[in-house]
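Here the structure is laid out as structure tokens; the discussion comes afterwards.
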């Protein structure tokens, strides 16, 4: 399995406080990699660093291209779809416009229209609400919209930041079902940050457990899932 | 009745200009969260550019279009060179930058073209509109051109990708970056468009108030009043606000005896203050959250 | 023995030089000597600098220490100036008494303006105060007030003489009067900021929600700040009426309000000593700009403002404080 994303020695800080102290991890093509850990371990920071939203040092390579010095806009255009925590919905725009914004860097009108229909297939509720203002959507619907928006980019890699946060279990199951479909169908690599470890491990192939800015443990998802001692000490 | 109709038309005509300025102010405010206090001076400078081109023999419409295009470029340049480096600075530092810009443009205008009032041509002549007793030709031109510009802008924002990207950048720059929008470019575009709109406003008002470096001072105030009345959060509100201010100014000036020329400006200010105290977010703005 | 004494003298003078007030003492000495050494035009300029410094001090209390915004302080300056002028010319009041009178009136006006201002913040407050500034000359020109204000032509204020017995010219006397008033007001400001009231004011600036949660009456302190700030600027205005001997509506336009704000930012928001630097900037740099190019004076001034903001976004407080620290370190 070739490595889609390779990270070596990633460091990042907020002001004087160092959050990431030298991370090493990989994400494979068509695989789901989970990034787990307690609050404050640096999971969200890692995703922000990958996107260039915060200052970072270290080596980040996407499909062979180094991206650690690039701006967010450039990184996104290279195929990184980030679904941020808080969803980042364009509340004033319609649902459909939010999706169109996901594809704003593309110029193939036909392809964009097809992709929008594909997203509506995944998330029928969005089709129902296509002309409504996105700010009126429920939390779960906004999460679906955020994922749909990222997918409109036809990304090589999808960065998911706590997609289950604040959502009812039924909605979470629906959304994770879509993730499973994506993993099987499209060959997109997924880096999944989750507080809910068991949920993430059910979906993931590989897992890294972060502890205060470093990788504390890594291995196959099954192994992590079955390792009671590991779960207790790192994942609570 | 005839007087009333005339004054309503006059109010709408000058309201068109205030609407333009208000729109330009709100566009920049939405993009960067600051009010461009130098908007009037930029418009005046643009108007001088068009005047100069006409002095050199250019026909009216060629000079009009050229001035708007140059202003667009100039606006983008000003943002990139002056305001982009201080994007993160405090409100106060930015206000001082705007003041500096204002001083530079005002002084340059005076230096290059001196402070005497110059007559400025109108595209359609200054007689009354044929068949319509309530409005002059130029007033009709002002309203028509403003209406055309507003329609074009509406279509731009509603139907084009760039328009959508600009809205996204203004609403949520972080998310906009995450979909690949070049936010800094969008902001510069917003500046360019505001500068272009200001140029149109200046060229339209110059025949009435005569061209001189301080021409836009009073108009800026009405423009602010319009923007505040409509709500700084809404371009549509700004336009409506501008027209309303024009109407109020003209009707109050005609029908309230105490309001002579001296008090007309104070009317604009009274509007601003009353609106701000009663509903700070304006007619079309969101309900203003009360800061404790 | 002599060597020890020399070392002691050297270290104690170093101690004096290194103390926090060393810079201030140097300034003070210069300020006290200047009027006797300089031509009266320069004395006049220095007096004006002090007057604007007081105005900036007032604005700083509101903006720097209480976190509100004002583009309208020219109105308070005008109110103070006209109060003094009218009291002197129409009321026969002694000029020195007009200062506290202006202070009180401007405090009341500031406090009253602060009440509706409670509902506004940020850009909305800027616009409201902006409107106040622009309205001021209009209101002053109104014919209904003409008998008192002198209308468009304004009022001429009789120049006071130095008190008999003092070997000073009128200009030198006015300078020392202004110097004394400004030092007093600076002292008051410093103590105000350090007091309980000052802490309350600053808590409202830093985190109004938390301040309320801790029982600070935010509304009261915000209006109080407007009142005090207005009073300071009003007293500056009164002094200007006396020193310039003239008040007219067109002296108090929006330009004045903006100048005071520029002076505040250049001096350093939230740094009281900055007032004197800011006042010097807004008074002297336009003159220098005119010297560089008569026709483009405004443009040169604007360029200097922009350059200063790009290089020193926090005003001169940054380099001055740095110099102070270096100086103190050397003196140790």
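Per-chain numbering from 1; labels A, B and C assigned in written order.
Here is the rule we go by: a contact is a pair of C-beta atoms (placed from the backbone, for glycine too) under 8 Å apart; a residue touches a chain by one contact, two chains touch by 3 or more.
These figures come from a predicted structure and were not determined experimentally.
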Task: Most distant chain from subunit B by Cα centroid - done: A
Open item on the list: Quick check: which two chains are joined by the most contacting C-beta pairs?
Closed with: B-C
- [ ] Work out per-chain C-alpha centres and flag the one nearest the whole-protein C-alpha centre.
- [x] B
TODO: Just give me the whole-number Å value for how far the CA centre of subunit A lies from that of subunit C.
DONE: 54
TODO: Could you grab the centroid distance between subunit B and subunit C? Build each centroid from C-alpha atoms only and quote it in angstrom.
DONE: 34
Task: Separation of mean Cα positions, subunit B and subunit A [Å, integer] - done: 43
TODO: In the complex, go through subunit A and note every residue touching subunit B.
DONE: 51, 53, 72-73, 76-77, 82, 84, 88-93, 97, 100-102, 104-105, 149, 153
Open item on the list: With touch defined as at the start, can you tell me which subunit B residues reach subunit C in the complex?
Closed with: 29, 33-35, 82, 85-86, 89-93, 95-97, 99-108, 110-111, 221, 224, 228, 232, 262-263, 265-266, 268-269, 272-273, 276-277, 280, 290-292
Task: In the complex, subunit B residues that touch subunit A - done: 161, 164-165, 167-168, 171-172, 174-183
Task: Residues on subunit C engaged by subunit B in the complex (per definition of touch) - done: 63, 69, 71, 116, 119-124, 126-128, 130-132, 134-135, 138-139, 141-143, 208-209, 212, 218, 258, 261-262, 264-266, 269, 295-306, 309-310, 313-314
